[in-house]
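Letters A, B, C and D name the chains as they come in the text, with residue numbers starting at 1 for each one.
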């Protein structure tokens, strides 16, 4: 069994081994610590000159990485908590994401910014957020989120080695310990990779046709698939789950194709509801002529900061039972 | 909203006892922080606290030496390592335990947790560096409103990495904000030793902005107190922002179980730079034992009380 | 005739006169310059101690303002170009917008951040953007945008004097010179203020019932009303325009009510399409049961940076004829 | 993408002439910038340029004194006031005019406009401060790739307000980036005089990070050149980042028609601190007149050619 954490860590090892121009920058990334969430463990021992532990300068290190990329390197930046991406917002939006286009395609800026988002650990308002929504619509920026239904490490390494554009790689603190659903342990799920769309479709093994489509990414997709299972076994409600791994630019067709088939769509995300990823999904759905679903909904974090206290945090972020409840409600006549 | 400045900080929630001399008050102040933090670390594995914690063990003399001399209108902005500052300011130990435990009786009703406190004129936030302009603005507000208040803001050596700190230093100097920047240099940031993260000079970071700076390498509250007094005096006399670089020692892990330093190094620090040990011999042994006992009882009582407090009810949340 | 610029400038004068705790901070705001777009003109002469020209420190001045607000003042920050809001993103999202909630309602942070967005002046990729979409979904943050259909100055002064929460006040460079449509010069338009919703409904005088709803804010609403007029006169296509002035929290009912009536909705904005304001509007529309419109669309800036060259910029940002064309297309059988 | 470092900067697009001595080359370099910028300002009211412009008039000696000594692999990152840097680097005058006019033949095909240029190893961006970490990263890349290149980044006095500048200085020092920070202190930022925006000391901002800094109050290319040479030499010898604080004078408005300074003050600057006037007497008058004529012709030719060039066709845009 490979966890998401191990898959990502191995990918970083592979990338540093494969290409001398790959560098890693981040706060506290040196061994034995290996980064706050250990994704970078072992790298500094193996590639001492190419792993830079940095000052606490989120904007600065993203900017430094941009400069490295403009001069032919392939830097990877670890931002310790996704909450701190806001500090690099100007670098990302007004520098990295613009250079290629505004310099008339003369340059590429292959900087990969990895960072863990997400709550449910009681870290409180400044260390629990899911903030990628604030970056999703920035022209020129790619946003990826790994899934246990695919290969997290492969997604990361292909970004590091091949991306032409600056990329946010959005991880999740709780997702790290989830097992990757490879061959042996797919368990009750059937997983279909949807060609060039960076997406996966997941159904419960041997289930009848789905009556509702779930769409979710990252760790929320893991919660969604847990909800799917009990909906299937306890309520005999059969759903299918579409999981995109590229949130920007977003290929919407896998979600729409499924929704067209089932007639109902629930989009799930951990970030605060308003103008989250789900808004773009539903907007594109709404714009699609003659795609009038019986029902579509978003389930997301509440539009408040994230409290530290467990019971409050539980009530703020969507969990497995919230998904089940929402699906049941949607299916009520 | 009202800004409450009526009651003196440093007086709340203490046990009653015989009138104390200054050495005893300092000792009690440091000991309260020490035992509180040890209790937090000890009990963390029980799963009764949410999130994580950054303990102040080893740095107690800073908070006590500086904050014990604040007056009610003064303002404090602290960072992730705020428990010691909060207790020295006079914050309730019970409310702090309760906040860490996510209880309704916590400093912020469980919303904030360990790093996000507000009570009276005490504030903290967990984003490194970003609090420095806020504190500068607070100092300016006090100046414009002519309250005579001084503002104290705490930052660590590692936090010198954040650019916004320099934006704030520049404005504090340009506009002569009545603020004391306290740089607690424990020579490490999480796991990163200062030499890997801070180039050049610590004092130079302030003097480049024409902010007078005093450097002190001490864990002795009796040495820290008068220096802070001098600087606060300058601020109160309208002489603009001042900086205090305190070379200090973090005895514990950054948060929990994440200390990558050699244990000999830590033992050496604990032997030579313990603020409590340094100050203890100045007390009458009997008084010291009495204070120790009182503090132990206070901490245990606050802990037990907090542990019995209710969680907030999500359904009570108004703004959702 | 009062321009938007004059209306805002007078409002600032009024606020500084009315409340001693109002302060203004911004780059180059001193007279005789009075700020890059002159909205602050005259203020430093009249209230010298309360108008602070600042260093070029967007994050820092927003932070300083937060501190002032926490200690009882009502600071107004001018950010010279809206493009530079990204530099203050951490202050806005992780500090200002959180304090009230995370300190358990013990404090208020009434900071008003005014800034001009928008292109069409050839300023190029870093001085022409419409970036409020990146901030719209941040819990705890109010976002306002004045309209010529209402009273820009009144919107600003009520925010400055009464707001309880940090507020982005989004202006637009070209909107400054538009006349406010007060009594005399409403010309061909009928304007209805929609009660407590911070919204306005605009129709062409004496027109038959509208067949399509337009929704737009800020300067885009001015372009939309120009398109409305020629659609009415040249094509005999009658539309109504809903203009919200509070984008967050957004009161959606005026838009939905109108769309329900006309059966078609076009949401127009200048910012780049993906995850713009219109996404949230269409998502809420899609979530509304039994509101199956014949047609709904977004018209927005292209998902690219904004070029300096006029012909390229014109093709990047939606203009009056783009609105007309889209409406015509939507109405084709 | 390929990084082209094959052709020497400073050689492109010049008119051919007799072999020049250094004084003549410097003069031509400064005069080209001067006449280019005057032509831009003069023609702005005609509506042929898009957006705005920040002219380099008065500061020509800086760009020429420093950039004339770069080698092909060296890298330059410039700011909003980039025309002079671009021309001194060797950028095409015609392509720069065309970029300002939004033509397809412009440096960036009309996408970037006045502030957003890229050609060979020259880059500029219009967000104050944000370019400094980028340039630092470039310098580090050149170091890691062992190209021997030096990187030069330009910033103004006002830009010292941006925090990210200090983040970059810290990292440049920690990692010994081969970079020259050139602070062009024209004592004003847009309309804000330096005393209202920059507290403390300019050199202190660098030395606090242990970056060696030289200060020079001169508009004389002959004085600036050797100092830059020394610093570039340090960088090429692996001695880490260096800073040059150049006290200089902006003669024109910040962008257009927005100069709030007294006209006597400006006249005084123009009399005493004009780099072209200071240097001109060192040339043989005939050669000087010839260069003047050639430059006038070059500028006029580039202008006319650009004005006749086609606009880009929006339909050709691939990535939309």
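Note that contacts are C-beta pairs under 8 Å (C-beta built on N, C-alpha and C of every residue); 3 or more make two chains touch, one makes a residue touch a chain.
As the structure is a computational prediction, the values presented were derived from the model and not from experiment.
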> Where the centre means the average of the CA atoms, what chain is farthest from chain C?
Replying inline: B
>> Can you compute the centre-to-centre distance for chain B and chain D, using the mean CA position of each chain? Integer Å is fine.
In response: 47
>> Based only on mean CA positions, could you tell me how far chain A sits from chain B in angstrom?
In response: 37
>> On a C-alpha centroid basis, what's the spacing between chain B and chain C, in Å?
In response: 41
> Got the chain B residues that touch at least 2 other chains?
Replying inline: 109, 111-112, 116, 125, 127, 160-164, 167, 170, 174, 196-198, 319
> Of all residues in chain A, which are in touch with two or more distinct other chains?
Replying inline: 54-55, 57, 59-60, 83-84, 87, 90, 94, 101-102, 124-126, 302-305, 307
> Looking at which chains touch which, would you call it a line, ring, star, complete or other?
Replying inline: complete
> Which residues of chain B touch chain D in their complex?
Replying inline: 160-167, 169-170, 173-174, 196-201, 204-205, 207-211
> So in the complex, which bits of chain B are touching chain C?
Replying inline: 1, 3, 75, 108-109, 111-112, 116, 118, 123, 125, 127, 130-142, 144-145, 163-164, 167-168, 170-171, 174-175, 318-319
> For chain A, which residues count as touching chain B in their complex?
Replying inline: 27-28, 30, 32-33, 36, 53-57, 59-60, 83-84, 87, 121-127, 302-305, 307-316
> In their shared complex, at which residues does chain B touch chain A?
Replying inline: 49-52, 99, 102-103, 106, 109-116, 125-129, 158-163, 189-192, 196-198, 258, 260, 311-314, 317, 319-320
> What does chain A use to touch chain D in their complex?
Replying inline: 21, 23, 49, 52, 54-55, 57, 59-73, 75, 90-91, 94-95, 99, 101-108
